[in-house]
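Chain nomenclature is as follows: A, B and C, assigned in order of appearance, with residue numbering initiated at 1 for each chain independently.
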Amino acid sequence: MTSARPAVLIAIVLALAVLPLTTSNGYYQDVIVQIYMWAAAAAAWNLLGGYAGQFSLGHAAFFGIGAYTSSLLFLKAGLTPWLGMFAGGALAALFALVIGYLSIRLRGPFFTLSTIALAEVLLILAVHWRQLTGGAEGVSLPPTPDPVNFTFDDRRVYGLVGLGFLLVTMGATYMIERSRLGYYLVAIREEEEAARAVGVPVLRVKLIAAVVSAFLTALVGTFYAQYVLWIEPSHMFSLDVSIQLALIVIIGGLGTLFGPLIGAALVIPLNMFLRAWLGAAVSGLYLVVYGFVLVLVVLYAREGVWAEVRRRLRPAGPRSVQEPA
Amino acid sequence: MIFVELAVAGIMLGGVYALISIGLTLIFGVLRVVNFAHGEMLMLGMFLAYWAYTLAGLPAWLTAPLSIPVFALLGWLVYRLVVRRTLGMGDVVQIFATVGIGVLLQNGALVLWTGDFRTVRGDYAEALLRIGGVQLSLPLLVAFAVAIVVSGILFLLLNLTLEGKAVRAVAQDPISALALAIDTDRVYMKTFVAGVCCVGLAGVLLAPNYPIFPAIGVSFGLVSYVVVVLGGLGSMVGALLGGFIIGMIEVVSGYFLATALKQALYFVIFVLVLLVRPQGLFGQRGAETMGFGKIV
Amino acid sequence: MMRRVLVVLTAALLVSFSLGAGGAAAAEDVRIGTIFPMTGNMAFGGNEGFMGTEIAREIVNERGGIWGGRKIVFVTADAPDQTAATSEMNRLISRENIKLVIGSFSSAIAFTASAVAERNKVIFWENHGVADTIARRGFKYLFKSNVNATGTGGGAASFAGTSLAKTLGIAPRDLKVAVVWEDGTYGASVGKAAFDKAKELGLNVVANEGYSAKAADLSPLILKLKALNPDVLLVAGIGQDAVLFWSQAKKLDFNVKAVVATSGGWGVPDFAKNLGEGANGVFSSDFPTEVNPDALTPQARELAREFVKRFQAKKGTRPTGNAWLAFAGTMVLFQDVLPKAGALDPDKIRDAAFSVDLPPGSMANGCGVKFIAHDQFDGGKNERAFAIVGQWQDGVMRVVGPENLATNKPILVPLPKWSDRK
């Protein structure tokens, strides 16, 4: 459970709000927007992965459902993405409910494998149903700035909107932490069998986490679509996106409120700056670094980089009461 | 006539999938570890064959036996440095340690060799046989034969030798095995190394038939999970049969349905198997819910 | 141990931040961006396209540069796929302050990159992408110097239905045609154009199939086509998938009487290099390459000769239509547009581009130049660009049609069976 005081939290929010405004360079603005966006999506993943302990590598499915639903509703029915995104969220939540009901019983890696398979199926379907989804060519949204329809000229506005999404997902996490659901989640995470034995409705709790996680991920999917103004199946539904979400949270700190933000702040800039520094030459390099870091974190610093840093800097200090497994 | 061709294509593809999956089912079955980097190790095998041919002119069938010590070393390193520390450590560690390795390997290949597609050419790679009016690619036939031979050898080793029985004992019940003074760590290490050698070998033998690029491991890796789950954890026969079934399904569905949908079908089957009969065709019941080996 | 790793990581981050902030170019140089797939499955075409663009730059710089002796410098970007295209364009525009980008070999890359350019009011000069959709979005910052999918795709169907049908002695309505295309922006557009034209000509279309250019195995598709037994295959492949398709066709013994591809992966030198003798006989409704010199103006003739010489020196093979597009299109930009514009100002460049009016034969590859106004259908496209019919002969792409541009006659119609070939 997060032990930060409200004043500290407010200060952090203010700092994040101001950050996009501090630079007029489009490239740096882009980095900031991407940090907020990926942190928001990662925080949504964190609900199912970090808090409920079910590790999905298929969350790109929800990301894609959100992006496609709002974009297609906009292009075909003129519905503003501000509303369309909730349709996307609902669809993703429904999907999660049905699939989750069937697959949450699966243990650990098998659950993960089933999520990978499901995201793959969605990818294949999205490519195949050209009439609906535009197939492999993807869907492009008009670049004319149109705030009513969630399109902006200024990257800084995207930064603030992105921060809004981040606050929503982190806020949801914060509230869940403090609710009964949150206590159930901790119990399940610590020792699932014991929790089941004392009457915690394990399946139902995990399912709720899955549904909320899917809903929020889909919302961020819409943000992505409106920021990049172009979506296509092989990226939206890709395993790479799913891995990136998990990677961000694990590096930042699984099952913690700030883990996703810290993770995103570490992962995203390194990618953009390595690319800028080395130019076109080395496109996979940041992922080589992060594959390596992921293995290290998982073996030696399972609470995430931030927790490890804090622990090393304050060796004699009291530890927080709850510790993620 | 087309049905004969489809059947042949399905069986050949099935052989490919079986060869790739043998290593995975071995690791799965004994260590209870899902090696999420399996596809990437296959990809490394393919690149090994490519470089062996491009730099030294070695055809794939010659590179194959030479690849075994290379992959034995790789497998040993990965086991000692990473996998060993994941046993009994809970889901996140077990899943993401190998996911991390997969990401590392795939992108390392991307950085070193770029995403350009490479092809292995040469007489062996392009050799074709005509058998009864059907044309077969020689490397594919060799891969098929090796799949059968290797799974046969492993089957015999596991069931007839003392060492093999030790492996099966550890797979069934690590704690009792330890009580019987079986060195479980050594068993795990040898099994993991054997599994990696199998998939590396598969990569080398399959290199002449496919374009070679860093991301190719992903789709083959996914298929191998499907095959292993369908066939049953730890079962050699399951890997073979599962491979053939999936190969046939892919070819037939690709022919009758849209080509694009062929993969969708076997993923759907995969999820169904997991939900309905998780132990697969030949696996141990309850295997997929058993705890992971807690002893090292 | 962990602490050391974290310290190293933090240090690396700080270093990358600070390094990221650096980098300024000489003020005298004219900085123009380029975006091509230099790696990945379209690398063949991307590298070749870049080389054509680069040779144009070299020649212009050697002959005095532009705007009073200023040299042109390329700021390069690698876009192996559309997602990379978006981030690379952002990098070029936001970090490198580029106002003019040349690209891109691939319709998909052109489609996405030009959208980013449009959003940021940067001129996008596309020399290769054929997809009809590229220039039909009402963009005001896009110029496309080459022909559309209707030209290459429709041209392939026309060639099959008229010339090939006659040579094979089959009436058009009995000519069995299979239309196959990669399902991305390029293939879908070209495939549709080919299909529509084939239908219009009354040909017997037995298949209209899309496939993924990233697939590792195309055998189910090839088996399906084998069963349908078409006379002519019309195919649109973008990159390595072309090599995969044709080599798997050989392995599976899929025989057709003729193949008419539509450039892309089938029209680049690496295709012939990888397929060897197997490439010979393949037709390609392609971009003009080494056309009959009599069809060119003296200036264009000289440039064409120079281009072939330099390309051959760099790459060891003769250039194909794709490289010609890059060279000829970029020369138009450097010789006819930028001098008039006077500065890297998008509005000035736009006005200069619209003022260009050159008859066919003026471009090194035989085309003319006249850009369609941005508020019209196909705005930004060069209406005097056209396609030709080429054929791989002895590892070189020769022009076999139309007659006034042809340098060779078609061979190997019908194609010998695989079992009869080497």
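Rule of thumb we're sticking to: a contact is a pair of C-beta atoms (placed from the backbone, for glycine too) under 8 Å apart; a residue touches a chain by one contact, two chains touch by 3 or more.
Model, not experiment: these values are computed from the prediction.
Trainee: Report the chain whose CA-based centre is farthest from the CA-based centre of chain A.
Mentor: Greatest centre separation from chain A goes to chain C.
Trainee: So which has more C-beta pairs touching, A-B or B-C?
Mentor: A-B
Trainee: For chain A and chain C, what's the span in angstrom between their mean Cα positions?
Mentor: Comparing mean C-alpha positions, chain C is 38 Å from chain A.
Trainee: Measuring centre to centre with CA averages, how many angstrom lie between chain B and chain C?
Mentor: 39
Trainee: How big is the gap, in whole Å, between where the Cα atoms of chain A centre and where those of chain B centre?
Mentor: Computed from C-alpha means, the inter-chain centre distance equals 31 Å.
Trainee: What are the residues of chain A that contact at least two other chains?
Mentor: As it turns out, chain A has residues touching two or more other chains at 127, 283, 293.
Trainee: Check each residue of chain C and list the ones that touch at least two other chains.
Mentor: 39, 80, 183, 210, 212, 214
Trainee: Please output the residue numbers of chain B that touch at least 2 other chains, ranges allowed.
Mentor: 115, 258, 260
Trainee: What part of chain B is in contact with chain A in the complex they form?
Mentor: 34, 82, 85-86, 90-97, 99-111, 115, 214, 218, 222, 225-226, 229, 258, 260-261, 263-264, 267-268, 270-271, 274-275, 278, 288-289, 292
Trainee: Show me the residue ranges of chain A that touch chain C in the complex, using the header's touch definition.
Mentor: Going through chain A, the ones touching chain C are 25-27, 29-30, 127, 130, 135-138, 140, 143, 228-230, 232, 234-235, 266, 269-270, 272-277, 279-281, 283, 289, 293, 296, 300-301, 305, 308-309, 312.
Trainee: If you look only at chain C, which of its residues touch chain A in the complex?
Mentor: 1-3, 5-6, 9, 12-13, 16-17, 19-20, 38-39, 76-78, 80-84, 86-88, 90-91, 93-95, 108, 111-112, 115, 118-120, 133, 183-185, 188, 210, 212, 214
Trainee: Report the residues of chain B in contact with chain C in the complex, numbered from low to high.
Mentor: Counting only chain B, the residues touching chain C are 2, 5-6, 9, 13, 114-117, 119, 121, 128, 130, 135, 137, 210-211, 213, 215-216, 219-220, 250-251, 254-255, 258-260, 262.
Trainee: Quick check: in the complex, which residue numbers of chain C touch chain B?
Mentor: Listed in rising order, the residues are 39-41, 43, 80, 183, 209-212, 214, 216-217, 219-221, 223-224, 226-227, 239-240, 243-244, 247, 251-253, 274, 419.
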